[in-house]
Structures are given as structure tokens and as C-alpha cells.
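For clarity, chains are labelled A, B and C in written order, and residue numbers in each chain start from 1.
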Amino acid sequence: MTRLSVRNLSVDLGGQPIVRDVSLDFAPGGVIGLIGPNGAGKSTFLKAILGLVPSRGEIAYDGAPLARIDRHALAHLTSYLPQDREIAWPLSVENVVALGRTPHLSTLTGLTPDDHAEIERAIALTDIAHLRDRIVSTLSGGERARVLMARVLAQAAPILIADEPVAALDPGHQIALLETLDALSSAGRTIIVSLHEIPLAARWCRRLVLLDKGSVVADGSPEDVLTHEHFAKVYGVRIHRTMTDDGLLVQPVARLPSLP
Amino acid sequence: MTRASPAIAAMIGIVAVLLASLPLRADTPPRRVVSMNLCTDQLAMLMAAPGQLHSVSYLARDSQSSVMPDEAQRFAVNNGLAEEIFMMHPDLVLAGTFTSRASVAMLKRLGFRVEQFPPTYSFDEIREQIRRMGDLLGRTERAEELVADLDRRLSAASQSGEPAWRPLAALHLANSYTVGSGTLSSDAVTRAGLENLGSRLGLSGTIRLPLETLVVSAPDLIVGGTRYESPAPALAYETFEHPVLRAVLQGRPMTAVPDRYWVCGAPFTAEAVRILADAAAPLAPRRTVSPPKAVIP
Amino acid sequence: MSYRLVVASLALLVALLFAASLFTGPAGLDLATSFDGLLGGGNEAARLVMQEIRLPRAILGAMIGATLGLSGAVLQGYLRNPLADPGVLGVSASASLGAVIAIYTGLSAAFALALPVMAMLGAVAAVMVIQVLAGGRAGTLTLILAGVAITSLAGATTSLALNLSPNPFSAMEILFWMLGSLTDRSMVHVWLSAPFMVLGWTLLAPLGRALDALSLGADAAQSMGVRLNRTQMLAILGTATSVGAATAVAGAIGFVGLIVPHLLRPVVGSKPSRLLLPSALAGASLVLAADVAVRLIAPDRDLKLGVLTAIVGAPFFLYLVIRYRRTLT
């Protein structure tokens, strides 16, 4: 219920190729981080595997092709946190988190005790219990980001896909969220996140996929992917890299003179 | 010449001026008359000497508005515009009091003699207007002929004396308008031996009567106006189809009095009286209903 | 206030105003006579007035109000925009155009159903244009401008058609189409429009869940299982059917769909699904109240319903613009 395989995926937007012939497999067992420069195609790739943008190639969930899975069934398999943190109405935090249960609701009934349990779990995991009755439009950027993450967690889907989930969070909450995601992946879920925060990626992702200009440049453990060559070639930066008792520490430190 | 001659000259001058300012009567009837208004068109057509009337308005040719559309073909047509009437060089222009003020004012400024006829609100006024037209056109004998004709047709159409029972007639025009007292239609209704609902309710002039009030008054007759529905319909007549009107009439048809008979007051207005009297003839008094409250306009 | 209490109170309000509408009118009938007449007994004239004039008027007032309130709530939820409303977006004006074409070409005289159908086609055209111009990511400004453009075009074409009609009354009837009126509507009008309004409601009512999910954006909603195409189809067809039929018999009554959800958000919360039923009930109340008011203010004239809704609604619209101006893009 948790394996996703992608073969020869290509996506064009506005006539421009954004994702070029990417083939990857995803499975549980550690947070999978998607990294790469701005415009590398990370967001587009994530949308494509969810069928939110048209694409060419094969996408299969546990062997079943995406094209044959209807929206409702897909919502039971996957949950998605978009980069766009839009909330159109001044809803309460609890209501927003409860929206995550949408795929599980039957036509006429409201929230069941199971639904409430998932909602509470999600609220606890993102540390927003004290904000429960607040209106989301009154929250800070970071608090709102945690609320939206809770919504995704409440959906309790086996595959969780998040586009830059830690961007607005303070260090404490960044680490807390990544710990949560790591625990979920150990418990059997497939977790794919895209992120820019290299030190966090180094420390918390068990596998990294480096994208540049729509193609996979590297795919492997942080030690294998976060190398000086890759950073020089893809980002044009010099890094400082050491292994410590707390794990791999990687920090970009300076720009290199412009690439050929 | 004596010392008195300047005085005599002055007196002759004064008398001459007085004589000159007297209205022209039978000695110099107008020779080229143009009429800009449907009602003056029709009166003029009925009364003018051959060759005297030169032009009538375009409405005179419209069979829904005019009683004499074929007759009107014999005259030049005008659209009521000062320019075109100017080009016709009339010596008398006939217009209504509601004719475009700008056009009438322009014609007066250009030096034309314009005589305006207000709408008629009773048969007495019709007689007055016939006679006035006769004076203006120098056709007083013809005027008396028409008045006599009108009186004859009226007495043939209506009953003499007070009828035993007056059926209640509700006039229902486009947009739910009705006519109250002080109108030509109301006078016609009364002469036909009917009672006008609008008058009974204390309304005057042409005014809106809510459908509900009409229904509650339980009229014996509903008189509908002409529908200008061909070639194009309008919402103004939607109430004519309202099921409630059919129910009030209990299967009898609405009485149709074509507008053209009483929009203008003329001898042919007696035709409206005849139609109404004919429609009233077969009616018998119904069970009484509580009288409606007077509607304050 | 609990949700159930709100719904119950609104339902009671509708019932009271429905009764008020039944018992208001120029015929001057007292309560007992009116009641008898309504049930078919007593005075024949009273029966006719109550069953053939007052009853259809009250029914239409309630149903049209419910339509406008419901479609306003759905449009606001679907477009994620607090200024959406069938009138503002030009749906009512386009429906009027369709109806005018049906009537003044004589089509509806030949086939009575041509009237609601043409009005619905007009409404569909408007909603589709709105969807193309402003669906998805477009901001408030684009949406409102699209609505202004559609309303202007539909209004101008309607005026043209009416002025070109050879019938002398047509030119003045523009007032009915632009402002709306329930005067002297008969049961025929009810049968022509009610089935389509109810059909529209059945298409709009199930959209609650989808609208809730759409609060988080189209992508998030889809990821939660919302089928956007189906949602769009239901929203478009439901709005066009119900608003089209309502406009066909009563002209364009504005601002109801705009005001009602705003008045209710502080009471039931902003969740779109919770606003649907209360908006329908509150819309019915608003139109019934306005219809009673026009008969009390000017009993002998045909004061247009839209005048009253505009007097209340237009300042409210202005207030909304001021309040939301910072979010206008």
C-alpha cells in the first residue's frame, strides 16, 4: 500500500520542459528528501505524481497505474501539503485540521470517533493544542504552517507528500516535525518531502534525491549526495562537511566563482 | 383737412388694427392644413373641404391606432418634425397639447399658425372640439352635421333615462392601469348604462389598479384595451392572461373595446358606447358582495 | 448558537414571513376572510385573491430567495471569494437577456417552457465566462471586473432588444428585468420555474464537502479526493438552472446572494458547507420581507423588489469592498 514507482516521467508547463525523463522508486523506511535549486522541478514533480498536472510516463502505486485510480481512492493512498498555504476563510484551527478527514467522511454522517482520534493525534504531533480554537487568519506564519501540516497528518494516508513543510518553522518546530515524519516512516509510511534546508536534510533524511533542471543528478544517502562536487556543479557553492556524533553536518559556506 | 383729421386718422387706424386682429372667420378659411396629432388628424379628415387638408401624421395610417387608416392614405404623411412641416408651407398647423413641445415651439417661432387641441375628457368636450375645428377650417355646417351624427349614434347606443341596474365594468389596460372619473372612457362607460369601477373606487384619471382590488370588487364586465402584440409581445399584457381574470369572468370573454375609438374624441367614439352597451345587454344582477374600500390614489 | 438552533430559527422566520406575505396586499381583506379564502371556502373573490394572486407570490418569494441565498453561498465557496453573488457576477443579467429574447421574439408565446430554458441558457453562458476568466487563481479584482463586463454587456443587449421591439411598452419593461418584481405572478409562473429551481438546488446542495476542501486551494482539495470537474459542473449547472428559472419569472433581483452568507458567517462560522442551508433560508426570508415591504411602502404602485434589495445591498457591497480592499489584487 505504500510503494510508488515512477518511470520516464516528463512534464511540460507552458511549452517548457520542467521534468525530464525521471525514474524513481519510493518506499517506506526513512524520510525521502527532494532537494535542488529553485526551478529544478521539485514542486512540479510532486504535483505530477499526484496527477495534479498532466505528464508523460508511468506512475504506479503498488503496481496500479495512476490513470486507473480515481481521485477518491487516491485520497486514501496519498496526502499532500502544497507549497501554496492558502486558507480562503477565517476557519478555526480545529476545523482546518478536521478537513484532513474529508476522504474518510461518508455522504451524510459527520465526524466519527475514529476521525476525532486522528485529528487529536495530528494536533498533538504538531504542537497546536493550545491554538485549537483560534482562527487561522490570526496565527503567525509558522503556526499556520503547523496547522496545515496537522491537516495532512490527520488524513492518515500511507503516502505523505509535502512541499517545503519546514520552510516557515522555527528550529525547534522544524526538528520536531522531522522527528515526527521519521517516526511515521519507520512505522510503515512512505514520506516524501521537498526542502531547501540542507543541514536538516543531511541530518534527518535517510535518502536524498537531488534534482537539477528537471533531471535526477544524484539519488542515495546524504553522505553520497551531499558532496562537494554536487554542490559545486548544481548550486555553485562551496560547503563545509563533517561527520559528528550527532550525524552528518553539511553547511553551504560560500559561492564559487561563476560556472562555465 | 381740418384740425380733426389727425384724430380721425388715428381712429381709423385703431379700428383698422382692431379689425385686423380679429380672428379670421369664414371669410378666409385656411387652404393648406397640416395636422401633427392623431386626434386632430381624424377630426380634420372628417371635416376638411376637398383639397384643404394636406398632411396627417403617420399614426393616422396605423390601423391599430386610427379609425380611418385607408382614408389617411390620400394625404401626405408627416412624422411631427418641424423641418418637414416647414417644407410643406401650411397656413394652419393642428397639434395636440402633448405633441412634442420642441417641435410646436419651433413651428411657432418660424411664424406658423399652430392651433393646439387638448385631449377630450367627455362627450361634451367632443362636441366643443368638433365645433372649434369647424370654425378653424371654415366648415361650420359640416361641424353641425357631425355633432348631430354623434348625438344620433349616442342615443341609438345607449338607453334613455336611468337604467334599473348598472353592471359594474372594470377597465383593465396594459400594466394593470384603469381609468377613473373625468376621462372620456369613463363617460363612455356611463353612457352605455354601466358603472365604471375606477369611478366607484374614487380614482381619477388614468391610474394603476392592483389586480387584487379588481378581483375583490367582483366586476360584471372586464373591458380590455387593444394589445399591441403583433408583431411583438410585451410584459404589459401579462395580466390579461392571469388565471384570476378568467375566474372572475366565469368563462365569459373580456370585452374588447379597440383603443382607437376612445383614444381620440370624435363621432366614432359612440362606437365604443355601442360595444359596451351590447356587452352589458345579456347580463343579469349577480349575488351581492361586500363593497370594496375606496382606494386613495 | 448551535447550528440546529440557527436553522430552526431561520425556518421559523421563513414561515412567519410567508404568512405575512400571504396577508399583505391592496385588497384590504381581514385576517379571517383571508384565511378562509386561502383554504378555498367562503367569499369567491377572497378565494381568488388568496389562491391565485397571494399564494403564488409568496411561494415564488420564498423559492427565489432560497435560490439566491443558496447560489450566493455556493459561488462564494467555489470561487473562494466573499464578493461573489449571481447578480454581481452577471448571471442574473444574462438570464434576463435570455428571458427577454424568449418573450420579445414571441418564442415563449409558442412554447411556454422556452422562457425558463432561454433564461437558463443565458445564465449558463455567464457562469462559464466567469469560470474561464476568473476560476482558479484569479483574484477578487478580476472576478468583479468580469462580472461588471458581463452585466454591462447583457444589460446593453437587453435594452437594445427592448428598444427595437415594435411594441410601445417594451422599452419601459427594462425596469422589470433589471430590478425584478413579484407583482401579479400567477401559479403558471410557479409551475414554469419551480421544478427548475428545485433541480438546481439538488445539484448545489451536495457541494458542501467539496467547498470545504476547496478552502485550502484546488490542489489540496483534489488531493483530498475532490473531483474538480464534477464540482465545477455541479456548481455551474446548479447555479444556472436555479437562478435562470428564478430570473425568468421575476427579473433580476440583486444582492441577496451577496448579503446573506456574510450575515451568517459570524453566526454559523465560515465553513462553506455550514452556510448552505442557512443561506437558503435567510435568502427566502430576505426576499419575502422585501416583498412585504414594497406592498406596505407603495401599495398602489408597482414598486420593484430590486429597488429595496439594492437600497440595502449596494451600501453593504460598498462596505465589503472597503473591508476587503487590502486583499484585492
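Going forward, contacts are C-beta pairs under 8 Å (C-beta built on N, C-alpha and C of every residue); 3 or more make two chains touch, one makes a residue touch a chain.
For clarity, every value in this text was computed on a predicted model and none was experimentally measured.
Following the contact convention of this document, no chain is adjacent to both chain B and chain C. Looking at which two chains touch through the most C-beta pairs, you get B-C.
Farthest from chain B in terms of Cα centroid separation is A.
The distance from the centre of chain A to the centre of chain C, each centre being the mean of the chain's C-alpha atoms, comes to 44 Å. The distance from the centre of chain A to the centre of chain B, each centre being the mean of the chain's C-alpha atoms, comes to 86 Å.
Of all residues in chain C, only 25-29, 43-46, 48-49, 52-54, 103-106, 109, 165-170, 173, 176, 184, 186-188, 299-302 touch chain B in the complex they form.
Chain C contributes residues 80, 206, 209, 212-217, 219-220, 222-227, 265, 269-272 to its touches with chain A in the complex. Residues 174-176, 207-213, 215-218, 228-229, 231-236, 238-239, 241-244, 247-248, 289-290, 292-293, 295, 297 of chain B touch chain C in their complex. If you check the complex, the residues on chain A that touch chain C are 47, 50-52, 70-72, 74-76, 78-82, 84, 86-92, 95-96, 99-100, 102-103, 105, 107, 148, 151, 155.
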